[in-house]
Structure formats: structure tokens, C-alpha cells
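Just so it is clear, A, B, C and D label the chains in written order, and each chain counts residues from 1 on its own.
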Amino acid sequence: MLEIKNLFCERDERTLFEGLSFILNQSEVLQIEGQNGSGKTTLLRILCGLSDAFEGEVLWHGKNIEEDRENFYQALLYVGHLSGVKGTLTAEENLAWMSQLDPSLNQINIPEALEKVGLYGYEDIPCHTLSAGQQRRVGLARLYLSSAPLWILDEPFTALDKKGVAEKEVLIAQHVQAGGSIILTTHHNLSIPDKEVRCLNLDDALT
Amino acid sequence: MNFFLAALRRDLLLTFRRRNDIINPLAFFLMVGILFPLGVSPEASFLSQLAPGVIWVAALLASLLSVDGIFRSDFDDGSLEHMLVSPQPLLLLVLAKVTNHWLISGFCLALVSPILALMLFLPSEGIKPLIFSLLLGTPTLSLIGAIGAALTVGLRKGGILISLLVLPLYIPVLIFGASSVQAGSIGLPIQGYLALLAAMLALSLVLAPFAIVAALKISVRS
Amino acid sequence: MGHFASFADFLQMGKHGLYVWLSYGIGLFVILYNILSVYWDRRQFFKQAKRRLKRESKSI
Amino acid sequence: MKIKFPRWFYRLASPRWFYDITSKLLPWFTIIAFLLIVIGTIWGLVFAPADYQQGNSFRIIYIHVPTAILAQSCYMLMAVAGAVGLIWKIKIAHIIAKSCAPIGASMAVLALVTGAIWGKPTWGAWWVWDARLTSMLVLFFLYVGVIALTSAYEHVASGDKAAAVLALVGVVNIPIIKYSVEWWNTLHQGATFKITEKPAMPPDMWIPLLIMIIGFYCFFAVILMSRARTEVLRRENRSDWVKSLVERY
């Protein structure tokens, strides 16, 4: 599905990775590992087309993601460091807008998704009154709405408690079972039920 | 089209939740206009000559003042990233944002401009040209300003830089806008000026969104 | 001497000596500035690059 | 956007090739620029006849006009180079665009200052809102904007692209600005006689002007190439050929 060819990237005169190639298949979970500053976030941003400071190619179903922009983004759900949650909008309004932006999010399930991330009863409160962790969870509620086959998640488990993490792991397992694939970074030890997690260590990618 | 409306609705909602965004440009517009009689001369005949230019300059500055905010908060909280990884056409999204900016700056300014016109003794024949020229000219200002905003949104000191980038490009609009009011207030026909303002609006409407999208991509990807 | 009767005439340029010579002087200044800025820029690059090479060879 | 270019085109895009070819070209351009400017200056200052209306102050034309033309064409070049860089992702085009900006700005300043100095004996004031001077002033601000934007970006590649977009926007606007300023000018002051528009100059006047224009273009080429060369070195400073160059310096 997602194919990375010969990726080269340097930042601040430091080579982050060189000749990096891999293929992400259907029903696969790929965890990107590496020390702080090893370029995990940069790599994820490149894969999403949010960075062009690289050489090489990112292909989605054999087509360059720049050229096949619409199809690729239709299939992509990206959760980055920044939640994209507006403080002046309520949780419900935020998610409604996100589902306008990304038609693969199912708008009907918004109340249900908010309940699942533990924000039941907070639907119509402006998000700036929520705590940072709660705001992040508003963004994560997208995972419950999404039917996109490819998830790219950057540190999705920060600001989650143990129970929350376990729930997300179940969610990831379901997504993979349904034929989706996931690339993620996390400091957390992943344990996905019935699924082996492939790892890619960026510290090794440097030769 | 549906998406354009949805995006516009969201932006309007955001603006109305923070009323300052609407009031600030208007207050600024009136304040700048008031500074002139205080700073130069309160004499009616003199002010009425100055009025077209002063009102237009004040409107231009008020529009510029708020243009930096078009993308800033979306950039800071990550909404802009969401927009870039969305399959929806960015051009429509950008147009919605510019429309929102115009509604809270140019459109409102045109509506309150008669107040300033009265205070600066603009001849009453000039008021209609003033409103029309502002309505036709300020969307161009918003479009050009949005290019500057998109180019500087990723920079920490973008706010100061943006006026340097954008003001030279505002000059034609200022010239034709102020001239139309001047012509109108001495009873000359103004259709020609308005046609030129409309032509500039058409041109910027066609070209500016592409520049804005390109600039936003550069800003987010850097 | 060309258009002028004498060297003093030439310096005077009718009544416009000040303006003409000021223009040419500033013109010369801008030209020299352009040349020198290229030179300074280049020298600065080599200085920095040298220092960098030294630093890198030490650290290895 | 995928166009196949002949091979030489891609070689042109290689910074090292640019560095090598310009080191061969530079001496020639330097000599020609020097000769032309010296000849043009002497001809213009000494041998050209004085203007029957403006007298000797007319000789300022030999700096004013070449720099004004250069300031404008430099902006065009910057925008075209920026567009090439944006579309085909050619590094050297961005380098050239970046090197254009300060030269163009200095030329605009020179045109403005000489215009103002020329204005004093002609109009009796150092500054007149003449259409040409005004649009040159705007052009100068456009340059300042491009320079400021490029340097505001910490990430070089993004700064290049942002500056290219701004230069392109400016290039669309320049004719509009020029036209509107001219129009505004005729609206506000009666037909004054223009600084540079002269009915049929005698050859003794325009030949040195032509020489100066060509000379300034060559000078521009020299400075542009030299600036771009340093920029190439700065950006390729990790490559072996630059390292060996530095060691030999």
C-alpha cells in the first residue's frame, strides 16, 4: 500500500536518514523507534506530505502522493503533535468540522466517540475550558470515527491513562483486523492483541 | 460549494465567538480617521479635500491590521496541518478564509465609512462612491493580504514583516479607490474607477488563491 | 577637451557641477559597494568553512 | 509539469557545473563591463553635448537610466528564476534568484538617488512625485520585502520558495503598479516635462547611453555570478569539491 523509496533527509546539517526504504502492507502495524531527535516526527510528516525537505519518493498504491493527492488523503488519517482543536469551539463542533475536512470520518458517531474517549457530558463546552489532556482526546476521538485505511499516529498515547491506552490498543487491533494499516511512534510498549508489531529503528537507519 | 460554505460557516462561528476580531478593525479605522483632524487641522474645507485619501488609507491599514490573523491561529493549533492532509480542495478553503476576513474587515468598514466621511466633511456626493469603492476594493486587499499572511504564518516575527510585503502591492487599489471618491465628490463620473477596481478584484480572485495555497504549503512544510 | 573649453569648465558642468558629480560619486560608491560585498561575502565564507573543517577533523 | 529537458539543461542545474563555467566566464564579463562603463562614462561626461534645456545636469542620465532599467529587469530575472526553481526544483535557479535581490535593490536605490539629484536642478526640488520615481520607490520596497522574507526563514529551502512566490506575485503587480502610478500622476499634476523622455536625441547623446546600459548589464552579470558562486559554495559546503577548494584557499 504505502511504499517508501530511498528516502534521504537531513536537518540542521545532520543526516537523519539515508537510503531508507520500506513497504507497509495491508493489516500491518509499523512502529517507528529511535531516540529523541532521530527524526521520527519528521519521517511521519514526510509520509503525510507535510514536509518536503527530503529526497526520495513516497508512493501510495504505486503513485506519488504529491500527484495523487486526493486519493491519498482520502485514505489517510493523521494524528500529529498538534491536536487541531479550536478552543472557542465545542468538542462536538470541532469533530463536526474535522469530518467536513475528512469525509472518511463518520459524522453520525460523534456523540458515541466522545463518550468513548471519556468526554461524555462535555459535548457543548468550549474546548478551552478543557484540560490539555482532554483536548488531545477530542482529537483522538477521530480514531473512533475514521474509516480511512491508513493511520499515521504521532505519539497517540501521550496524555492517556492506562485504561485509555488499552482501549486504543484494542481499537488499533480492530483497525488492522479490518484490513487497515498503521504507522505510529510511541514511547509506550505496544501490545496489540493477536498482532505482531513490526519495528523500524531510525538509529539503525543511519549508516 | 458545500465545502466552501461549511468552511465559511466555521470561520464565521470562530469570529463571532471572539467579538474582538470584529470590533478591533472598526475601532482602529475610526481612530486613524480621527487622528487626522487632531494632527493636521480641523478646518472643514481642508479636511474635505483630505477625506477621500484619509478614509481609504485608514481602511487599508485596518484591513492590514487584521490580515495577519487569517491563518495564524490555525497554524498554531495544528488546524492548518489537518487542512493540508485533507482531500478537500485547498483553494475553496482558502477562499472561505479570505471571504471571512473580508466580511469582518472590508465589508464592515464600508458600512461604517459614512460616519468617518461625515466627521471629515466629505461632500455628500462622495459617500456613495466611497461605499462602492470600499466594497469593490477591500476584497482585493484581503486577497493580497492573505498571500502575505500565508507567507509569514510560520515565522515568529511575521506580524511586522507582513506589512512590508503587502503594502507595496496595495498601492494600485489605494490609488483607484481614493481617486474614485475624489472624482465622485466633485461630481465626475466614477464608473471607470469602479471598473478598474473590479478588474483588479477579478484578477486577484483568479490568481491570489493559487499563491496563497502555495505559500501555505511552504509555511507548513518548512 | 571634448565638449568643454577647459578642465575647470569640466569640473563646473555649467551650474550643475554639484549635481552631476554627486550622482557619479554615488554611482561609483554603489558599484564599489557591490564589488566589495561580493568580496567580503566570499572571504567570510572561506573563513567559516576553514574553521568548520578544522573543528570536524578534530572531533573525528 | 513533467517536461523532459535535454541533458545540458540538467547539467546547468548542477551547482558544481555552474561554479566551473562561471569561473571561465567571469574574467571576460569583468573586462567588458569595465571597458564599457569607463568608455561610456568618459563619453557621457566629456564628449556628449549638453542638453539645450537642462544643460549639463542631463549627464546624470548615463547613470540614472541604466540603473533604472537594470533594477526592473533584475526583478524580472529574479521572478523567472524563482518560478523555474519552484516548478522544476532546480537549486541553481533559487540561488540566482536569491543573489538577484540585493543587487536589484542597490540599483533601485541608485536610480532613486540619481533621479532625486537630477530633479533638483530640473524641478527645483529634491523629490517630486514623478511617476517613474514613485514606481521605482515601490520597486525598491518590493525588493526589500523579498530580501526580508528570504532572511526571515531559518530553513533555507523554504525561504527560497517563499521568496519565489512573493517575487511572482510582485511581477504580476509591477505593471499594475506602474500603470496606476502613472495615471495617478497625470491626474494630480499637470503635464510636467519628464526627466528622461526626450525627443530624438542626437547620436552623440544616445550612443554613450547605450554603451552604459550594456556596460551595466555586464557589470550586473559579473556581480550576480560572483554572488551566486559564493552562495553555491555555502550550500554545497559538505561536498568534497567545496571542501578541497576551502583547503586550498
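We take it that a contact is a pair of C-beta atoms (placed from the backbone, for glycine too) under 8 Å apart; a residue touches a chain by one contact, two chains touch by 3 or more.
The structure presented is a predicted model; accordingly, all values stated were derived computationally and were not measured.
Student: With contacts counted as defined, which of the two, A-D or C-D, has more C-beta pairs across the interface?
Tutor: Looking at A-D and C-D side by side, C-D shows more C-beta contacts.
Student: Based only on mean CA positions, could you tell me how far chain A sits from chain D in angstrom?
Tutor: 48
Student: Cα centroid separation between chain C and chain D, in whole Å?
Tutor: From the centre of chain C to the centre of chain D is 16 Å.
Student: Measuring from the mean C-alpha position of chain B to the mean C-alpha position of chain D, what distance in angstrom results?
Tutor: Each chain reduced to its C-alpha mean, chain B and chain D end up 32 Å apart.
Student: Please compute the C-alpha centroid of chain B, do the same for chain C, then give the distance between them in whole Å.
Tutor: About 43 Å, centre to centre.
Student: In chain A, what residues contact two or more other chains?
Tutor: Residues 52-53 of chain A touch two or more partner chains.
Student: Among the residues of chain D, pick out those that touch two or more other chains and give their numbers.
Tutor: 155, 157-158
Student: Determine which chains touch and list them pairwise.
Tutor: Chain pairs that touch: A-B, A-D, B-D, C-D.
Student: Please output the residues of chain A touching chain B within their complex, sorted ascending.
Tutor: Contacts found on chain A: 45, 48-53, 69-71, 73-74, 76, 78, 80-89, 93, 97-98, 100-103, 126.
Student: Using the touch definition up top, name the residues of chain C that touch chain D in the complex.
Tutor: Listed in rising order, the residues are 1-4, 10, 13-17, 19-20, 22-24, 26-27, 30-31, 33-35, 37-38, 41-42, 45-46, 49-50, 52-53.
Student: Spell out the part of chain B that touches chain A in their complex, as residue ranges.
Tutor: Residues in contact with chain A: 3, 6-7, 10, 13-14, 17-18, 73, 76-79, 81-88, 217, 220-222.
Student: Chain D touches which residues of chain A in the complex?
Tutor: Residue list for chain A touching chain D: 13, 52-53.
Student: For the complex, give me every residue of chain D touching chain C.
Tutor: It comes out as residues 37, 41, 45-50, 55-57, 59-60, 63-64, 67, 102-103, 106-107, 109-110, 113-114, 117-118, 120-121, 219, 223, 226-227, 229-230, 233-234, 237, 242-243, 246-247, 249.
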